[in-house]
Amino acid sequence: MTETQILIETVLQALAAGLFVGAIYGLMCAGLSLIFGIMRVINFAQGDFMMLGMYAVYFFLIVFGIQALVGNTVSPYIAVVAMAPLLYLFGWAIHRFLISQVTGIRTTGMEAEGHYAQLVLTLGIALVMHNGAMILFGPELVSVDTPLSSSAWVLGPLWGDGVLLFLNKARIVSAVISAAVVVGLWYVLKTSRLGKSLRAAADNPQASIYVGNDVDRSYRTAFALGTMITAMAGGLLTTNYPFHPFVGLEYVVLMYAGVVLGGIGSVIGAFWGGMTIGLIQQFSTIILPTQLQNATIFVIFLLIVILRPQGFFGRSVERT
Amino acid sequence: MLETLRSLRPFLFFAVGYLALAMFVTNSYYQLIMTLVLVWATFGLSWNMLSGYTGLVSFGHASFFGLGAFATVLAQVHLGISPWIMLPVAAGIGALAGVLIGLPTFRLRGHYFALSMLAYPLTLLYIFQWLGYPEISVPRVEEGAAYYMQFSEGRVYTVLAMILLGIVVLVTRHVERTRFGMSLIAIKQNESAAEAAGINTLAWKLRSIAVSGAIAGAVGSFYAVLILVITPLSVFGMLVSAQALTVAMFGGVASVWGPIIGAAFLIPVAETLHAELGSFLPGIQGVVYGLAIIGLIILAPEGIYWKIRDHLQKRKGKDALPTAVQESAAAEPSAPVTPVERPARELSEEIVLKVQDISKSFGGLKAVQNVSFQVNKGMILGIIGPNGAGKTTLFNLLNGFQMPDGGHVLVNGEDLVRRKPYELCRAGVGRTFQIMRPFKRMSVHDNVKVGAYVHAASEDEAEQITREALELVNLQDISQHIAGSITTKDLRLMELARALAGQPEILLLDETLAGLGSEESQDVVNVIRKLAETGKTIIIIEHTMQAMVQLVDRFLVLDHGELIVEGPPQEVIHNEKVIEAYLGKKWSAHA
Amino acid sequence: MLEIRNLSAGYSEIDVLHDISIQVEAGQFISIVGPNGAGKSTLFKTISGIVAASKGSITFEGQDLLKVAPAARAHLGIAHVPEGRQLFPSLTVLENLEMGAITDAGQRNWKDNLERIYTWLPILKERTQQYAGTLSGGEQQMLAIGRGLASSPKLLMLDEPSMGLAPTIADFVFDKLMEIRRDTHLTILLVEQRVAEALQSADRGYVLETGRVVLEGTSETLQADDRIRQAYLGM
């Protein structure tokens, strides 16, 4: 194999990995964008919601032992779908009992101080969640294995005989499911009455009330849905990535980077933002050591936020 | 300075009492907890210095803390440098890191500022892991241990921590009482109003993050020596930043006592739980902090200190000001008073403000179109027009809040268009706001003093200017009352005094009479008239026409962003175009 | 239909409205006029539940409105066309109308309502798929009115429909409103700065000044009263 061929193989491999993991990140970001885009709430616990989704899948498999019934291959995906309603309820409850105390129509008019309470509250929720998870689940790395995690489709040989492209089956399945969920979500938001109510509440909460749309209920739905979607993305990550209770911290900044990049308030935008982050992450490993993968994402996040602030302030100015 | 020292008396009592108590503790673990309380209290004060006073919430104070800790340990391991030397160096590193982080990050506000601050320590965490420091310990020194700040007696650390805390309390008190702290509080309350009051907000925020970073760096350095072993997670982790924020918020932000109270409550609880249950409940500390934050935000979002203080103030306030609130509620309905014809005044020939062809559009909406006018010294100019006519936009263009699309603003002949608000303020353009933004917890006096720093070179001069401004608006009698407890009229006068304290030549008043009854507004009108007589030039936007007709020398009438009529009051209110703009065009036909 | 009695309301501790009483009978057209800052919009916001009342009562068709959740008030048949339009800018024209129609009555009569709205305001039909944020000021005002009508209201509250519009466009909007009223005999509560237009076709009028009703009566008596002029022009 020549050096060029090795380079081509590395780049193609990173591209494939970036696309697949990027799709899952995209789903994660889509979930966050529901919360951030519709309610304008910065939720630090979003990474921990994702972590919860991971453990939900893990324990679902252990407790229900459905592997025996349907086999290892599809059981994690069944778990992701089966746990979704529970995660929705979890998000609903967090909003109902905590978030709604400091957000909603009452505080939309408030500047800094209203947001301040909400920021700090979600930080508290995040701390309780990941530390609580450590107490309940232990600090060890765990993983969910399926036969798909360790098998791949092989593309190639390309360019003569040297270049082979390994496409991990589990990643592909997760990516396809992610993309499907995002498209479904987009369709619901676009066409259903629920979707229109959510978008209207995001656009103008006060006018929403004037037309008889219960904004606080819309917010609750958005929060619960956003929690569920991000947690599902977490569940889809489990087949390829071992995890631990603090895993959310690594993803929370990543998610905001994706959402901000994709443009606030657009689910599809958030998906592409997440995809871009996935690609950048995978390509960065070609030149940088793996330990710096996350550092790269944080630096990129800072660059995006600092260099293009008008990109996100545009809308918030419009609202006032 | 003397006052600052005097205000430290309660802290000295606390320090002596605390140390005396510490002397009786012989169990080394409890000694450690007693020291940690002081360490985290100091760190809380560091967070408070930035976030408490400016209101910019930092989730990233671990950056400075961790850098200080790593610098100290690495210097000793690799270069044999003593922590005594590294402690101030770590403070320097913290300050530098603060400025480097602040410069780009202060462009952001609210959400984005908080999020970005979270990213810095996490980035550093990964970098230090990658550099190959999963865990690093301070080498034990046998000979000359004291030189390396190592003591077998745990109580020595408690004393050292108390000294550090004492220094930081002193610094905080000093900041609180001078223009530094006043500027920060002004920024927190309303950044644009602060700019308009002549405060260079970016410069003060940078100073604040530098001081804050320096304290955090020093605390991190001391913490490393105390704990002996550090890991990137233990000094850069999210829990570290959260701890600073939690102790400060729990106790009460923007006060010296808040972080101390918070640390005294939370640290022993969390540490004890950690020691008792940590082996089988490894995350218990984080859970406690998390629950403390959640409970706090829901129940007492401003912290214990303020909750208690507000409670006490209210009780005291009720005795002192029995009529304060009712007064405004009882404002008379402004039954049409027979208007007093005001004789035209002789005006100076000198032109202080000249506006030429100024325009501003928002998207397709032409908010202000080619407006030109000039104002003589000592004149009271009224700007009127229906809702949405562009009056406030015009003010924003005059004081630099918004950049015009075209045109010129000449103050005393100098073109000041496109300058920043604080620069315009220094050039002599002061303003008040339609929506009042008093600094509620500060006294009337301090509220006004914030404005006085624009031109005052010293504290004494600021004090002098403040007193004069308060006298001009007749508020000297209630100058020590808390702004949150005074009537609407007095608040309006206070805002007027604050603008006056900036010693403007031209004063822009945005709906100063809004929400006042007729008698109250008469009082304010009298004050404004008095100001004009002393040579101030006043431009006022107002809806209450009755008061305006008696007050102003000339009117500018705006409609749809255009200047439709200009002239003396009697002429303007009989002008057909004006009647049409206000009452509708069918009115004139009918009447 | 709507009865407001001794109402006081405002923001945080400061009341903006003091002791206001206003009565609207079914089928009437009532105008509330008064200079800027008199509390007209606050009054509407209190009826819609965005601003809290501190004293007094509001009843709508015999029901205590202050006990009804803000978002539920539209479902009783109150449509609020707010000051400054307040559309949903990132929704299309049609979606904005659909949002207006989320009340039960609006759902039931959606087809008829839409047809009628398009007949009155044909410009909206041309722009069905356009985002509301891209409309001109006059078009936005018409959409705001259309959104209110889509809910099949019993009471239509209009807050300064002429604000920020060029005079000819404001006239056009007024003419449309009169046309709609002629066709439907809808009960209308109008807040306006421009007194002449507001009082011209109204059954009754109220003059608000610094949060108080200073004058009320039929539009003829009000137009003849010089106190209006005083309230506005200080003379």
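Which chain is which? They are A, B and C, in the order written, and residues in each are numbered from 1.
Rule of thumb we're sticking to: contacts are C-beta pairs under 8 Å (C-beta built on N, C-alpha and C of every residue); 3 or more make two chains touch, one makes a residue touch a chain.
Here the structure is a predicted model, which means the values were calculated and not measured.
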Graph class of chain-chain contacts, one of line, ring, star, complete, other: complete
Identifier of the chain whose CA centre is least distant from the whole-structure CA centre: B
Centroid comparison with subunit A (C-alpha atoms), farthest chain: C
CA centroid of subunit A to CA centroid of subunit B, Å: 36
Chain centre separation (subunit A, subunit C; CA means) in Å: 43
Averaged-CA centre spacing for the pair subunit C and subunit B, given as whole angstrom: 39
Interfacial residue positions of subunit A with respect to subunit B in the complex: 40, 42, 44, 98, 101-102, 112-113, 115-117, 119-121, 123-135, 139, 245, 249, 252-253, 256, 289, 291-292, 294-295, 298-299, 301-302, 305-306, 309, 312
Subunit B residues within the subunit C interface of the complex: 325, 328-329, 333-336, 339, 364-365, 386-388, 488, 511, 514-515, 517, 543-550, 560, 573-574, 578-579, 582-587, 589-591
Interface residues, subunit C side, partner subunit B - complex: 13-16, 18, 35-38, 136-137, 160, 163-164, 166-167, 192-198, 200, 209-210, 212, 214, 223, 227-235
Interface residues, subunit C side, partner subunit A - complex: 48-50, 69-75, 79-80, 82, 86-91, 95, 98-100, 102-103, 147, 151
Residue ranges of subunit B in contact with subunit A within the complex: 55, 57, 59, 104-105, 107-112, 114-116, 118-120, 122-123, 126-127, 129-130, 188, 238-239, 242, 245, 249, 281-287, 289-294, 296-298, 301
